[in-house]
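The next part holds the structures, each set out as C-alpha cells.
The same chain A turns up in both complexes below, where it pairs with chain B and then with chain C.
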Partner chain A sequence: MTVSLRSVGYRYAGASRPSLLDIDLDLRDGEVVGVAGASESGKTTLALVVSGIAPRTIGGQIRGKILLDQADVDDWPMHRLSERIGIGFQNPATQLSQVAGTVFEEVAFGPMNLAIPRDEVIDRTWHALEALAIDALSERDPRHLSGGQQQLVAVAGLLAMRPEHLVLDEPTAQLDPAGTRLVADAIAALAADGVSILVTEQKTDLLARIATSVVILEAGRIAMRGRTGDVLDDPRLEELGVAETSAGRLRRLASAAGVGGARLEAALR
Partner chain B sequence: MAGGDRLSDEARPARGIPPSLGRPGPTAYHRLNPLTKATLATVTAVGAVVLGGVVGPVGLVVVAVLLPAAIAGVLPQLVRTGLLLSLPIAISAFVVNLFFYPGAETVLLRIGPITATAEGLAFAIEILVRILAISGAVTLFYLTTRPSDLVVDLERRGVSPRIGFVTNASVQTVPAMVDRAQQITAAQRARGLDTEGSVWRRIRGVVPIVGPVILGSIAEVEERTMALEARGFTRPGRRTLLWSPSDSRTQAIARWALVIGLAATIVARIAGFLG
Partner chain C sequence: MTELGVEQLAHVYPEGDVRALDGVDLHIAAGERVALIGQNGSGKTTLVRHLNGLLRPTSGRVLIDDTDAARLTVAQLATRVGLVFQDPDRQIFAGSVRAEVEFGPRNIGRSAGELRNAVEVALEATGLAGEERTNPYDLGGSRRKLLALASVLAMRTPVLVLDEPTTGQDARGVERVRSAVDAVTDEGRTVIAISHDMRFVAEAFDRVVVLRDGRVVLDGPPDVVFGPAAWEVLASTYLEPPLAAVVGERLGAGSTPTDASLVAALGSWSAPPEGDDPGDEDHQHA
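== the complex of A and B ==
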C-alpha cells in the first residue's frame, strides 16, 4: 500500500504564496520517510497535506494529486481518510480529546470513534499503552500528566487506531531521551509490521536511527532526498538549516584532529 | 523495549478495561444512574422557580439537595461550593430587590435617597431561595457525577456523540483555562508583572494575563479540531462504548415520575392553583 504525492502544491487560506511546491513523494509499506528542513521550510504543511487535514479541515488550495493505493482521494471525507492515515502533532495538550477521564479512555478514543468492536478496542488500547511503556498510567487523568507523558499518550492514541500510514509531526519535540527512545522503538516496530510512516523531525540523530530515506525541504520544495545515510552525511545540510548528526559531527571533529580510522567507525556502529 | 513483539498480537491473557472505569460510586446516591441525578437536579432547579414563594423551594432544597448530599457524604463540599457559586449573584439580586422593588410602599429602612421595603425584602428572600435551590441542585450533581459518565449514558441512549462531546468539553474547559491562567500568571510574574498590592495594580496586572489566556485558547481550537478529525470524530454513526452506567426499572419509573410531577406543577402554576 502506498501514499503517493504527484506534483503537489499547497497554499494556506489567505496566504499570498504557496507553502509547498511540486512535491513528488512515495510512502510505501514498512518505509519510514524522514522529513527535515529549516523553520518555515514546509515540514508541518507537508504533514498536514499527506494526512488530508489540508485542505479538508483547515481550508486552503491544493494542486496536484494525492493517491492512496493508486486511488485518488480528492473527494474522500476526513473521517474516511483518518481510518487509513493517522497523524500526530507536536503539541500534546491539543491532541488530547479533553473528554477522557483516564489515559485508557484517551487512547481508546480513536478506535471508539471508528466503531470497532469493544473487545478489539480494549485489546488495541492495551497493546498501544504497553508498546510505549505507559500502561501503568492507564487510570491517571491525562490532563494531569507531564508534557512528555501526554505526548506518549497522544502517540499511543494513534497506534491504537492502527493506521496503514502514519504521519508524525515532530513527535518527540517535548520528550526526554528516554521518551524519545520509546517513540523511536514504537515507530520501528510499526514499520516492521508494514505501516508506512512519514516523520518530520529536527533531531537528525533520531532520523538516522529510524528513517529508511530522508527528504530535506527548503522553502516548500524538496531540496535533497535519498537514503538516510547519504542525505544526513551530505555537507550541504548546514546550508539547508539542518543540524548534522552526532556521529557525523564526531567524524568531522576527529578527522580535523587527525584521529579516526577503523576503531572510530567500529565504535560509531 | 522490544518494540516489535510488544506491538504484535501475541497470545496472552485478554485484559478488560481498567478497574476504575465504571467502578460503582462510594455511596448509594453516587451509584444512581447519571440521568436520574441529572433529572433530579433539573426538576429541583425548575421546580423551585415554578413553585415560587419560600416554603416550596426551601422544602425542595431540604428534600432534593441537602438530604441526598448528606447521604452522599458531600454536604460540607456542597455548602462551600454552592455558596461560592451563588453568593455573588444572590447578594446583588437581594440588594437590588430589597431597595428597588417597584411599587413597594412599606418602608423598613431609609439610607439617604434609597429605601428598603417590606415588599422588596419578601421578594428578595424568594429570589434568594430560588438561587440557592438552583446552585445547590447543580452543585450536588457535579459533586456526585463524573461528566463523562453522563455523556456515556446519553450516548448509550442514542444521543449524538457530538452533543455529549460539546457538553463534556464545555465543562472540562473551565479547569483547563484555570490551569492555563495559573501558568501564564506565574510566567508573567517571573518577568516582573506586579499582580499584588492596590486594587489598581491588580487590575493593571489582569490585562497581560487575560489576553494570552483567551488568545491562546482560540489559537488551540484549530489544532484541537485537526486532532479530533484525525481521530475519526466526525465519522457518522454511533461510537463503540467501553462501558455504561448501571440503570434499573425503578430509576426509570422515578425519572418519569419526577418529570410528570414537574409538568403537573407547571400546569398548576399556569392554571392558578398555586396562588
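== the complex of A and C ==
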C-alpha cells in the first residue's frame, strides 16, 4: 500500500504565498521516509498535507493529487482518512485528548474511537506503553507529566491505533536520548510490520538510524532526495540549514586537521 | 551581578505524591554557564521554575543574592531571573513581534531608551530584526521559540534560564541560541539551560549538572561529567555522553567531550615521528 503525492502544492488560508510546491513523493509499505530542512522550509506543512489535516481541518488551498493505493482521496472526509493515516504532532500538548484522566485511558482513547473490541484495546494499550517504557506511568494524569513524558504518551497513542500509514512531526523534539531511542525503535518495529512512515526531524543522527530515504525541503520544494546515507553525507546540507550527523561532523573536523583515517573510522563504528 | 543558591530544595506537586525534587543543593556564581541535564521527568523544569518564583518550595529554599526567594514577590523575582519556557505558545500573547519583545522590559520598568536598545539587540540576536510588525502566530514554531527567547533577552535580567532552547531549531537556530548564551555570559550574567542535546551542552557550557529522580547526581565541567569515570552514573540516568567522548575513550585519547577536544587530542597524540606514517599502520590493522 502506498501513499503518493503528485505535484502537490499547498497554501495556508490567508497566506499570500504557497508553503509547499511541486511535491512528488511515494510512501511505500515498510518504508521510513525522513524529511529534513531548515525552519519554515515546509516540514510541518508536508506532515499536515499527507495526513489530510490540511486542508480538511485547517482550510487553505491544495493542488495536485494525493493517492492512497491509487485511489484519489480528494473527496474523502477526515474520519475516513484518519482510519488509514495517523499523525503525531510536534507539540504533545496539542495531541493529548484532554479528556482522559490517566495515561492508560489516553493511550486507549484512539483505538476505542475506532470501535475496536475492549480486550484488544487493553492489549494494544499495554503493548504501546511497554514499547515506550512508560507502563509505570499508566495511572498518572497525562496533564501532569513532563513535556518529554507527554510526547511518549502521544506516540504510544498512535502505536495503539495501528495505522497503515503514519506521519510523525518531530516526534522526539522534547525527548531525552533514551526516549529518542525508544521512539526510534518503535518506528523501526512499525516499519518492519509493513507500516509506512513519514517522519520530519531536525535530528539527523536519528534519521541516519531509521530512515530508508531522506527528502530535504527548501522553501516548500524538494531540494534533495535519495538514500539516507547519500543525502546526509552531502556537503550541501549546511547551506540548506540541515545539521550534519555527529559522525559526519567529527569526520570532517578530523580530516580538516589531518587526524582522520582508519583508526577514527574504526572507533566511529 | 547575581548569585543563586539552592538549599535542600524539595518539591511535591499537589496532585500527586511524586517528589519531583528531593533535596537539591546548588550554588551558581554570577556569569556561569550551567547546563541542566537528566531524563524526562527527572525534575529539571521543576527546579528552574523555583528560580523565578513560578513554583515555591515544599521544603528547603532558593537564595537570590543571599535573600530567600520566598520573601521576594514574583514581580521582584522577574527583574532578576528571566525564564524562557519550553513551549513558546505558553509565553507569547502579543499581536506583533515588537509588542511581544517590548512587554517584558516595559513591565519591569526599564526606561524608554534602555527599552529601545534592549529590544533591538534581542531581535538582532535571534534573527528577528525586520519582523517587528509580524504577528507572532505567522511565524513558524522554531521562530516563535526564538521570539520567546528574544522577549526574555530584552529584559536583560542578571540570570537567564532557558528550558530546552534548541529543540525544534535548525542548524542556524542552534547557532543563534549558542551566540545568545555567549553574549549574555560575556557580560557577567548567568545562563542556566535545560537541554537534551549533549553536543550542545558539551560545547556551549562550562558546567553540567545532572539530575536523577529529583537529586543532583553529577556536577562538574563537561570533561568530568562526560568523562569515562562518570559514564556509569550517566547511564543510570539513561543519558549518553556526546559521540566525541565515546570515540575519544575508544581511542584512548582521554576525556574529549567536544569534537574540537577530540581532534586536538588526536593531533597531539598521533603526531607521527619522522618517517613513520601512521596511515600505513592503520591499513595493516584494518
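One rule holds in what follows: the second predicted complex is superposed on the first by the 269 of 269 C-alpha atoms of A that agree within 3 Å, B and C clash if a C-alpha of one lies under 4 Å from a C-alpha of the other, contacts with A are read in each partner's own complex, and residues count from 1 in each chain.
Keep this in mind: a residue touches a chain if its C-beta (ideal position, glycine included) is under 8 Å from a C-beta of that chain, and two chains touch if they have at least 3 such contacts.
Please read these numbers as outputs of a predicted model, since none were measured by experiment.
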| item | value |
| --- | --- |
| Touching partner for A:211 - first (chain B), second (chain C), both, neither | neither |
| Chain B versus chain C as contact partner of A:5, first or second or both or neither | neither |
| Contacts of A:68 with chain B and chain C, given as first, second, both or neither | neither |
| Partner chain(s) touched by A:202 [first = chain B, second = chain C, both, neither] | second |
| Partner chain in contact with A:247 - chain B first, chain C second, else both or neither | second |
| Contacts of A:155 with chain B and chain C, given as first, second, both or neither | neither |
| Partner chain in contact with A:104 - chain B first, chain C second, else both or neither | first |
| Which of chain B and chain C A:168 touches, first, second, both or neither | neither |
| Touching partner for A:91 - first (chain B), second (chain C), both, neither | both |
| Contact residues common to both interfaces of chain A (with chain B and with chain C) | 91, 93 |
| Complex interface listing, chain A residues touching chain B | 48, 51, 53, 56-58, 77-79, 82-83, 86-87, 89, 91, 93-95, 97-102, 104-105, 108-119, 121-123, 126-127, 130-131, 133, 138-139, 143, 154, 157, 159, 161, 182, 185-186, 188-190, 192-193 |
| Touching residues (chain side chain A, partner chain C) in the complex | 37-40, 44, 90-91, 93, 140-141, 144-149, 151-152, 170, 173-180, 202, 238, 241-244, 246-247, 249-250, 253-254, 257-259, 261-264, 266-268 |
| Residue numbers on chain B that touch chain A, as the complex places them | 1, 3-4, 6-9, 14-21, 146, 148, 151, 161, 164-165, 168-169, 172-173, 175-176, 179, 220, 222-242 |
| Residues of chain C defined as touching chain A within the complex | 13, 15-16, 38-41, 45, 86-87, 89, 140-143, 164, 167-174, 196, 198-199, 238-240, 242-244, 247, 250-251, 259-260, 262-263, 266-267, 270, 278-279, 282-283, 285-286 |
